[in-house]
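Lettered A, B, C and D in written order, each chain numbered from 1.
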Amino acid sequence: MSDEISPPLGQGKAAKPVLYLDGVSVVFDGFRALNNLSLVVDPGELRAIIGPNGAGKTTMMDVITGKTRPTAGVVRFRDHDLTKLDEATIANLGIGRKFQKPTMFDALTVFENLELALKAPRGPFACLRWALTGEARRRIEAVMEEVGLSARAQDRAGVLSHGQRQWLEIGMLLMQDPELLLVDEPVAGMTDQETEHTAALLVRIAGRRSVVVVEHDLEFVRALGSKVTVLCEGSTLSEGSIDHVQNDPRVIEVYLGR
Amino acid sequence: MTSKSFTFTRRAALTGLGAALATPALRPAFGQGAPIKVGVLHSLSGTMAISETALRDTVLMMVEWANSRGGVLGRRLEAVVVDPASNWPLFAEKARELLQVHKVDVTFGCWTSVSRKSVLPVFEELNGMLFYPVQYEGEEESKNIFYTGAAPNQQAIPAVEYLMSKDGGEAKRIALLGTDYVYPRTTNRILRGFLNSKGIGNADIMEEYTPFGHSDWQGIVARVKRFASEGKKTAIVSTINGDANVPFYRELGNQGIKAEDIPCVAFSVGEEELAGIDTRPLVGHLAAWNYFMSIKGAPNEEFVKLWQAYIKNPKRVTNDPMEATYTGFRMWTQAVAKAGTTAVDAVRGAMIGQKLMAPCGYEEEMLANHHLSKPVFIGEVQADGQFNIVWKTPDAVKAENWSQFIPENANRRR
Amino acid sequence: MTRFILRISLLLLLALPARAQDAFTAALPGLAGGFGDIAASVERLGASGDPRALPLLRALQEGRLQKAGDGRILLPDGARLLDAATGQPAEAAGAEAVRLNNRVRQALRGALGRLQLVSPDPAERLAAAEAVFRSRSAENIPLLQAALARETVPRIRTQMELALAASQLVGSDAEAKRDAVARLGASGSVEARAVLIEARNANPEMATAIEVSIATIERALAIRRAAETLFQGLSLGSVLLLAALGLAITFGVMGVINMAHGEFVMLGAYATFVVQEACRGIPWLAPWSLVLSVPAAFLVTAACGALLERGLIRHLYGRPLETLLMTFGVGMILQQAVRLAFGAQNREVLSPPWMQGTILLPGDIAVTQNRLWIIVFGLIVLGLVFAAIRLTRFGLEMRAVVQNRRIAATMGIRTGRVDAMTFAFGSGLAGMAGVALSQIDNVSPNLGTGYIIDSFMVVVFGGVGSLAGTLVGAMSLGVVNKLLEPYAGAVLAKVFVLVAIMLFIQRRPKGLFALKGRAAES
Amino acid sequence: MSASIASPAPAGAARLTIRLVLIGAVLVLALLPLLNRLPPDSALYVSDFIVSITGKWITYAILALAIDLAWGYAGILSLGHGAFFALGGYAMGMHLMRLIGPRGVYGHPTLPDFMVFLGYKELPWYWLGFDHFPFMVLMAMAVPGMLALVVGYLAFRSRITGVYLSIITQAMTYALMLAFFRNDMGFGGNNGFTDFKELLGMPLNTDAARAALFYASLALLVVAFLVCTRITQSKLGRVLVAIRDAESRVRFLGYDVTQHKLFVFVLSAVLAGLAGALYVPQVGIINPGEFSPGNSIEAVIWVAVGGRGTLVGAVLGAFSVNALKTWLTTVAPDLWLFALGGLFVAVTLFLPRGLIGLFSKAPK
């Protein structure tokens, strides 16, 4: 496991990409969930991914995080071949993931959820010896502040509203201090104001880390102002600015043709 | 803490009431002494319930019998029934409870060897008295236990001798089939020593063990058939225990193993076990016991009548361990009467040399080694599930609990 | 003078019929003696060829023959008793049955065999030929030759020829002996092998020829043994299949861990017992009570299953582990309830005649009828389950509810009812397994406990939710078990199989026939 | 699936009350062997039977605690914990058999009786060393621990969870039961080991030995309870709860779930093994029946009855179910299975949080 923390800050396009997918295919029982997909994400980049249902967005995330093994293709994170590693190792390399359906530990409090996500030695003995230092507490409190859950620190995650759960999960991502964030539909169930807040947060994060956001909400994607990749039937259909892809006839056909 | 079983209380109340209404003059009058407590330590649930519930009922019947005759020493008997649930550590716990909490004067109980082994230290530590009514492998002697079932020389060896005799079919090859526990293991070891001494070599002995409750006998029965087809008259000696017998005999019948060709003699199959089997294909297979229900004579008729009246079922069968329980119980009442007390040490002394005309039709005697002298019978299964006695010893045989066929007992021989 | 007359009369008596009659009468007193005397008398009666011997021996075999206190032998004839020696009615008081033991039975079989070799009934002739084969004796040679000359049924002829060969082997004609060895060898039967091994020691001069014949038989037997092992494995597999099919529904389809499944099997066996007792008084129905038990057991256990599902299990959906603990409690209750209702003792479930004994499949492979029927029954039940799931409305609704309960509900399917029916269906299958098990195992309150873990292993090994997996899983476990058994013993074979399954499941957690794709992920 | 389970960390005041109650309970238990020394007619007299049976229940409580740690916190429902308990018991049984020495029925200096009459000539290799007490203690922990390590590693690595894990562990104990029933294994077959004489120089059939074993068990219970509490209140405890409720989410946080589960599973097996080792000299017998799957399920049910995921509940459940069983098998020998079975049904249906749930408020 690698504990190095060296996000290649501020490097330009010439820098080595953080995430590199080439020719990735995933076949379930004859059904091609991903079909020769390629994707390159640069350090510090914010990337939005859109596409109709079944386009392979979630499968792509599964492949990157080690949940699903690709049938073919290359998946690299920096110098690591992700197809050979398990979820925990990949997470420790510096890839954090937020799920489409917010997933956390309902029996634990907000504070405890964040504490578990906090970057620290992960082995059972280390966990047994773990004591909350002032530094760690400050970091957790800072993140709670950031995601607006300070008042609910001692409440069980199970009693939070849907929006708050989204926030908590984003908070957990931040605690992990990952180099690459994969964020699946972060604003579902949020109010407009919360959505705006989230967009701003993601943009802010993106400077220091790479962020890949999967989202249906085109307004939100527009607010991110980032490069957009359109997936369809497991492959890249179109890539570019939001205006570019919205005017791409193939994209229009896919969205209207449905 | 009074602790009579629910069923017993009810039954005792009903029968007591019945007796009182019918024959008020005969109602026994008990003296002032506290009731004598009789512990009943038989599994009423779990795998052994099949065999042991009948023994529980036998003890309860005997308690009622004794009370109807005025009790013992003028005191009423009271049964304390517990359920050790076929769980051996629970046997030890319940034995302790009977002795320490209920302070029973005597206990009737156990079926399997392991249950007896598990309660033995408790009875020795607390100086209790246990009557153990089942045939067993011997190699044991405790001053706190009276063994009213057969020792190996009172069952296994005569049975094999019979198989090798002209009447029994002159077997020259023996298949020893057993459940894998200590009774079959020891019995077969003794038998192997005995067979070797009779000139049957190890090549003519097949030995196979199966787990408790084994239900798939196809392969083993086929192997026995093959073993029997090697040119010598073959017989099966079965120490298969309990539940496994039904599927075993079914397979024997279905694979067409006839008693005329390959007789099978069993040591653990009695009338109760046969009640669950269609015996028509098994006619002629054998069992060796010290008692059969089909024995003629007044003592047995009395016993069978008592049982069928008690259990209110004119078709219920009796079997060997029930007879052993009955015999043990009656000897105990005799010994208590002789000792004039229920104190264990005094009764123990009085037990030795007690004699009883047992239902088996012979006078049995409690020997100094705490075992009974017993006659041996060989019975052939009949189509009605009863046994046709084809051979018996002329007299009761003295029990040898330490077998002479186990070399380690050499220095113990008397 | 008197001596001369005596000689003449003796000579007269020696004329065949008279001599036979004399032998008959002379043999009778022995029947009142000990087992050894009876056996000797039986042999003499069999050899006498007297026509009166046959009914007498049959009466003895059936236990009807009586002996009076004074040693006269009495033959029942309808309600009367006839003195066997004189044929006159006799006083029955004080008479008791002549008892049999194995030695007598053995003698009887030989004697009856000799007398019945020319019986008009082919079944009797076949049995007689087998009996004569077993009681081989040189005296039988002329009898067998005479019988063979008239015999036309090929199967009986074969058996008679074997019997003749076996008898010639103990005879004195060396030429015939050599011929007999070859013929016995060609027969390929186990019994012939036994005869040959026995003859080997008695005839050292023919040892080589006998060895060759034995080797021929061994080769034939090796193939047959392999086939029989396979059959035993399939038979064990079919038992596992039946026990596991219900679980394949309740666990595989519904995800309910029913630890009381074994108790449902046990209830099915008791239902069989009850049906049998109900049919006992109706002679024409009695042999078919087992057939009637199948629907009866299904209905009883299905009803219990529906009750259990509606009453208890439905409150625990989504909590499989709690269901497991609860049904364990239910199992305890069911077991004790049956123990109190029927007694702790085993109950006797009879096998109908068509399920008893052994039959020979082509190639002389001996299989027991009850096992054969259970294999057939298992496959029929599997077929019915498959049809019920694939072809009926109920099956369609069941699959719909399993795949997506919410959508199924919005389409108007009453999911609660479907759950109850599915569970009842699975439980009913357990009951049907109980009918089959009543034919090979104890009908006792503990019947089910021995099968529960094996059944779960079959379902998990085969692949949860796959009927084909359950079939292949059950059969392969059965066969592997039986293949290992001769080497490892019954216990270790089972332990090996259990460990192998555990290791297999580590490699393929979803079992042999895993459901693939995204549906399986969730 | 288990959203209704209480959090391991109750609020401060409640925690104090629980602590006081627990300390009180331990003190009351500790008094029992002393009260046994009073004259039998004294009002406070406690019979030998109560002392010995309570000693046995304490070892059951340790087993329950071990199960609760794995099941209540990490969501590992092992239906084979009875196997670890029995293995520890067998280790102790072997030690006790070795200590019988020439006092056996056949008077053989080293071979136990059953080996003598099964015709063993010398002690099998795996019996060597068991005459030393420390070696036995080591084995009572190492053997269950190693088994848990192997089975757990294979299962957790393959992500076998939930009912599959339960079925596999059940098959494990079933296979062990069949194997130990074999006389050829050299563990006494069906009869197992019995007729023990002494332990650490104390004759076992004395009050002093009973009291000593009682206190040893009580001490182990207290230590086990403190260890479990320490674990569940540490971050490891929170990781375990997280694994129980959303295993894959924990993986995406970078935790090696296999390691954490393995840690708690092995620890739990070791605890169960030690409990088994203390159980055997108190009941005087160990045999393969202890491996029977029903025993393991019953132990799980003690935890469910007491209330899982609370530690205290496991102990409470073990005591109350066993007390009920002891009482019922005497007062209602024919009907006790109905009562016990009914209890299991009722608890799972109506008291998902167990008896403890009656005393504490629901978390919402």
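Here is the rule we use: contacts are C-beta pairs under 8 Å (C-beta built on N, C-alpha and C of every residue); 3 or more make two chains touch, one makes a residue touch a chain.
Quick caveat, the model's predicted, so the values are computed rather than measured.
Chemist: Compare the CA centroid of chain A with every other chain's and tell me the farthest one.
Modeler: B
Chemist: When I count C-beta pairs in contact, which pair ends up with more: B-C or A-D?
Modeler: B-C is joined by more C-beta pairs in contact.
Chemist: Distance-wise, how many Å sit between the C-alpha centres of chain B and chain C, to the nearest whole number?
Modeler: Measuring from centre to centre gives 30 Å for this pair.
Chemist: Roughly how many whole angstrom separate the Cα centroids of chain C and chain D?
Modeler: 45
Chemist: Taking the mean of the C-alpha atoms as each chain's centre, how many Å separate chain A from chain C?
Modeler: 66
Chemist: Among the residues of chain D, pick out those that touch two or more other chains and give their numbers.
Modeler: Residues 178, 181-182, 334-335, 337.
Chemist: Send over the residues of chain C in touch with two or more other chains.
Modeler: 335-336, 489, 491, 494, in rising order.
Chemist: Would you mind writing out the residues of chain C in touch with chain D in their complex?
Modeler: 255, 257, 259, 312, 315-316, 318-326, 328-333, 335-337, 340, 449, 453, 456-457, 460, 489, 491-492, 494-495, 498-499, 501-503, 505-507, 509
Chemist: Taking the complex as given, what residues does chain B use to touch chain C?
Modeler: 44-47, 49-50, 52-54, 166-169, 180, 208-211, 213-216, 218-220, 222-223, 225-226, 228-232, 243, 246-247, 250-251, 253-256, 259-261, 263, 272-273, 275-278, 281, 284, 286, 380, 388, 390
Chemist: Note which residues of chain D are touching chain C in the complex, please.
Modeler: My answer: residues 1, 77, 79, 151, 154-155, 157-160, 162-164, 166-168, 170-172, 174-175, 178-179, 181-182, 293-294, 297, 300-301, 304, 334-335, 337-338, 340-345, 348-349, 352.
Chemist: Of all residues in chain B, which touch chain D in the complex?
Modeler: Those residues of chain B that touch chain D are 3, 5-7, 44-45, 80-85, 87-90, 92-94, 96-97, 100-101, 112-114, 117-118, 120-122, 124-125, 139-140, 180-182, 185-186, 189, 209, 211-212, 406, 408-409.
Chemist: Quick check: in the complex, which residue numbers of chain A touch chain D?
Modeler: 65, 67, 86-89, 91-92, 96-97, 99, 103-109, 112, 115-117, 122-125, 127-130, 156, 158-159, 172, 176
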